[in-house]
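For reference, the structure I am asking about is given below.
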Amino acid sequence: MDVGFIGIGRMGTAMARNLLKAGHRVRAWDISPSARDRIRNDGAEVASSAADAFRGDAVISMLPNDDAMRETFLDSDILAKAGASIHLNMATASIDCTKELADAHRARGVSYVAATVYGRPEMAAERNLNILAAGDPAAIERVQPLFDAMGRKTWRLGDVPTNSSVAKIAGNLMVACIIEAMGEAAALARAYKMSPADVLNAVVGSIFDVPVYRIYAGLISSGKFEPPGFDLRLGLKDAKLALAAGEEVNVPLPFASVLRDNYLDALAHGDGHKDWSAITRVAARRAALE
Amino acid sequence: MDVGFIGIGRMGTAMARNLLKAGHRVRAWDISPSARDRIRNDGAEVASSAADAFRGDAVISMLPNDDAMRETFLDSDILAKAGASIHLNMATASIDCTKELADAHRARGVSYVAATVYGRPEMAAERNLNILAAGDPAAIERVQPLFDAMGRKTWRLGDVPTNSSVAKIAGNLMVACIIEAMGEAAALARAYKMSPADVLNAVVGSIFDVPVYRIYAGLISSGKFEPPGFDLRLGLKDAKLALAAGEEVNVPLPFASVLRDNYLDALAHGDGHKDWSAITRVAARRAALE
Amino acid sequence: MDVGFIGIGRMGTAMARNLLKAGHRVRAWDISPSARDRIRNDGAEVASSAADAFRGDAVISMLPNDDAMRETFLDSDILAKAGASIHLNMATASIDCTKELADAHRARGVSYVAATVYGRPEMAAERNLNILAAGDPAAIERVQPLFDAMGRKTWRLGDVPTNSSVAKIAGNLMVACIIEAMGEAAALARAYKMSPADVLNAVVGSIFDVPVYRIYAGLISSGKFEPPGFDLRLGLKDAKLALAAGEEVNVPLPFASVLRDNYLDALAHGDGHKDWSAITRVAARRAALE
Amino acid sequence: MDVGFIGIGRMGTAMARNLLKAGHRVRAWDISPSARDRIRNDGAEVASSAADAFRGDAVISMLPNDDAMRETFLDSDILAKAGASIHLNMATASIDCTKELADAHRARGVSYVAATVYGRPEMAAERNLNILAAGDPAAIERVQPLFDAMGRKTWRLGDVPTNSSVAKIAGNLMVACIIEAMGEAAALARAYKMSPADVLNAVVGSIFDVPVYRIYAGLISSGKFEPPGFDLRLGLKDAKLALAAGEEVNVPLPFASVLRDNYLDALAHGDGHKDWSAITRVAARRAALE
């Protein structure tokens, strides 16, 4: 297929490479010249602008936040010239932003699929993403080969694009919660003069033996929160996305509220640019263990 | 080996059977006559009292709560007559009770190993327990064949018996936290008119693909909380064990505090004898989704 | 003095009347024609627009929310034509909005004083407001006669306008907290088959014998939350102002987080347009007392 | 009247003195010889034991905690020899302990009134206590002159003695909550470079102008938490009494849960023997302001 790709940071680059490997044609755009050079070397065509990338069978976007998405797709005339391309937005947007994007596409007659993903850049590189797709089922059906080229599984979540955001936000909340839970467990262990590694390894090895647990148990046990795999400030952003999603529909989220307070505590103590699992230092610090 | 076994409820029976299968001699005791008859049919000798069971190479106890443990081992002269048996307490006791038991055994010169387990009765039947052993390393080494007959893995957590309780309490807290987190995620999904099953299956299938998650995702999605696999009142008891453990060493546990409040909410609404995952009805009810 | 007055809702009207009574000249503006008619009958001159009201010795504004303030003062050229008037903004704005307003006034050379108030319309009518003034001390000194005409006391909080917002937000948070605390106390009382009135009256009469406590103890005891004195949706707005103020400077506010979740619970149960003390129904409902 | 008095610490001594001043005969007992000497100098008769003090028209007890009350009244035969005296227990007991005491008195036919008080020793000295009386109305009527000699007002809370405990616990919870709320407000103020005194004085002076607020606003503003007026460890004890009272009847108390966590944080940081308002250092520390 003929694919536009807007936003080729670490995730986007890994995804675009897999599209190229699978034989798709990719026309990429990023504001960073070095990102453009990199993807050109990988065999992609480089577009002259986001609008220039927005054509072909499908356009994938992977922009960093709501502001960048609004600027690119809402504050421009890009959708007016979009033609018949299906837009697959694979970044995580807030519920509000997703609604605005869906409305704007509908108004312009452009097919819009929200397709958030679970996975880090190394998983993207290994074609190991989980894709949460929501939008027009016929459009999803048509782009399934693209999803297959990038991910290990596509979860179809209905035809309302916000469904993809809700699922992504809910999943991120669940990951954040297990990190906090491990942090409280680790603080308890340390206060009893035990090695957090012993306790977390036993629990994780016994009942939670999956990568996400092993990774964070390792980080928490070692206390090595730099360099960040996922920035703590982004953790706060995600907690706020969850709280805002809840607010929209009157759902209290007490765990998310605790997380938010703890991220602020972490920021106040200078851990904003560490890995988000540095939130576990809060539990330790409150027990005077740091 | 020659093994006494005190407390043969559902867990104890499954464990004792595996000892018998592995060729060990078992002399069992339980206050329930039907439990005694059952284990006799399985090939065990039946003791005439807890004290009568407390002899041989090792004695395993699996009593339901602190009160039963204190009554059996502290309010009797059972330890005075214990001889050279190693006592393996495989039930979950509070930190306080574990300390009292360890002290009483030490005073009587009886070897004491705390060896809490992860696993439900069906996992015990399948020799699939994870055993968290803490106490005299030489004693643990000697009884390792018994652990091997009952579990898939033994985690050695040092020579202080409370370490086993801390690890078990910490692990239970982590499980309780994921249930609450899934409950908040499910409430969010429902408030957005999505099926909780769709959202939880996507998240769990993507990043948390282990039985404990699949089981609870299923219960929460279906809303089938009866019959209970693990009683909600016991969930509250565990949350209180965690809070008490934290209190002993000045460790605030904000997630455990939220859990405690939510279990009370569930009890007030008549869900005390449902599965502990019925705590997730609290998040739904607060969002007016029930 | 010659005073412009922008925004004459219930609070603004009461305040403007006291200025007139004290012999000041008032030129008022409101988007509502009936509000304008009312104040004309009270002896004020009616301006033809907000900009027309923005002249004289001082201009007082009392607009309902950030949006109205931004629209009136930032999205217009009103400040460019403001001349030498001192602007007294007596409404509660967010920290962010206060900063933007202060910056815009400074850029135009217009003197800006943030002067939030404690008090409801009936207290405004009785000249019984407490005024929290922050901004250029010389300007505050000059308008002190106006404050004296409207309030019982002016608290001077330094020369940074956000100080007034911080103090107002902090005070609102304290009031919201006592309402929640009374709600938890009342739920406890009811669960023990006691009359909440008995318990609250005893506590309030003993140690908290001030109007704010008496009023809310009465509302909570009687369960009469309509008509609202202060709308619950505004309570949520205030809690969010506090949380946002905390977020700006990395201050976790766990009580405010509990309040936010409880307001959402109240909204989900249809109490959004009741008095904000209806948040206390949440504690009662969670204990299955409603 | 002829009054026994058991437990003459700082509170008890002040109360007994007022009984003497009002012309009542007091026969006092305390385990401390110096306390006995002190009250003898004030004109009281000194009993030879708690049992010896337990006679006359009424007996007032003011013991420090549940353990002391159980030991004195339940683990002895004191009630068997009590005769027709009315027992006024003016100390704060847990709900459980109050029930046990009420049951034991009923079984022995001894009239029991729970009469907890609001007030510190200096208020007791000034006859300025508020008394929360619950128990047999006829008995309360008979001892009213004693209450009048000690307090400024008696609140009658029905005939179930636990009502007095519930009201006292609820009131203490409300005071603890305002301290935490002021702590969060003060942290916010400090993070905005404002003086906490300015903010707290403005709020308190405007709407909370009663001694309890003025006292704690002063302590929090000055950061002088020593010597303690009321020990932080006792604050934790009170929060736990509230949580236990809630647990008994399935009432979640989220503010009390936050308080409990924060007291533990304060204990971990060495503030256990400071004034309980040192809990406000937690909010400041979490925002990295200490």
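Order of writing sets the labels: A, B, C and D. Residues in every chain begin at 1.
Going forward, a residue touches a chain if its C-beta (ideal position, glycine included) is under 8 Å from a C-beta of that chain, and two chains touch if they have at least 3 such contacts.
Note that the coordinates shown come from a computational prediction; the quantities given were computed from them, not determined experimentally.
Annotation: A-B is the more contact-rich of the chain pairs A-C and A-B, by number of C-beta pairs in contact. With every chain reduced to the mean of its CA atoms, the largest distance from subunit C is reached by B. Between subunit B and subunit D, two chains of identical sequence, the interface residue sets overlap for the most part, with shared numbers making up over half of the total.
If you average the CA atoms of subunit B and of subunit C, the two centres end up 53 Å from each other.
Subunit C has its Cα centroid 40 Å from the Cα centroid of subunit A. Subunit A and subunit B have Cα centroids separated by 37 Å. Annotation for subunit C: residues 246, 250-254, 258, 261-262, 264-265, 268, 286-288 touch two or more other chains. For subunit B in complex with subunit D, the touching residues are 243, 246-247, 250-254, 257-258, 260-262, 264-265, 267-268.
The touching residues of subunit D, counted against subunit C in their complex, run 118, 130, 132, 153, 155, 157-158, 160, 162-163, 166-167, 169-171, 173-175, 177-178, 180-182, 184-185, 187-189, 191-194, 198-199, 201-203, 205-212, 242, 245-246, 249-256, 258, 262, 283, 286-288.
Taken together, the subunit B residues at the contact with subunit C in this complex read 254, 261, 264-265, 268-270, 282, 286-288.
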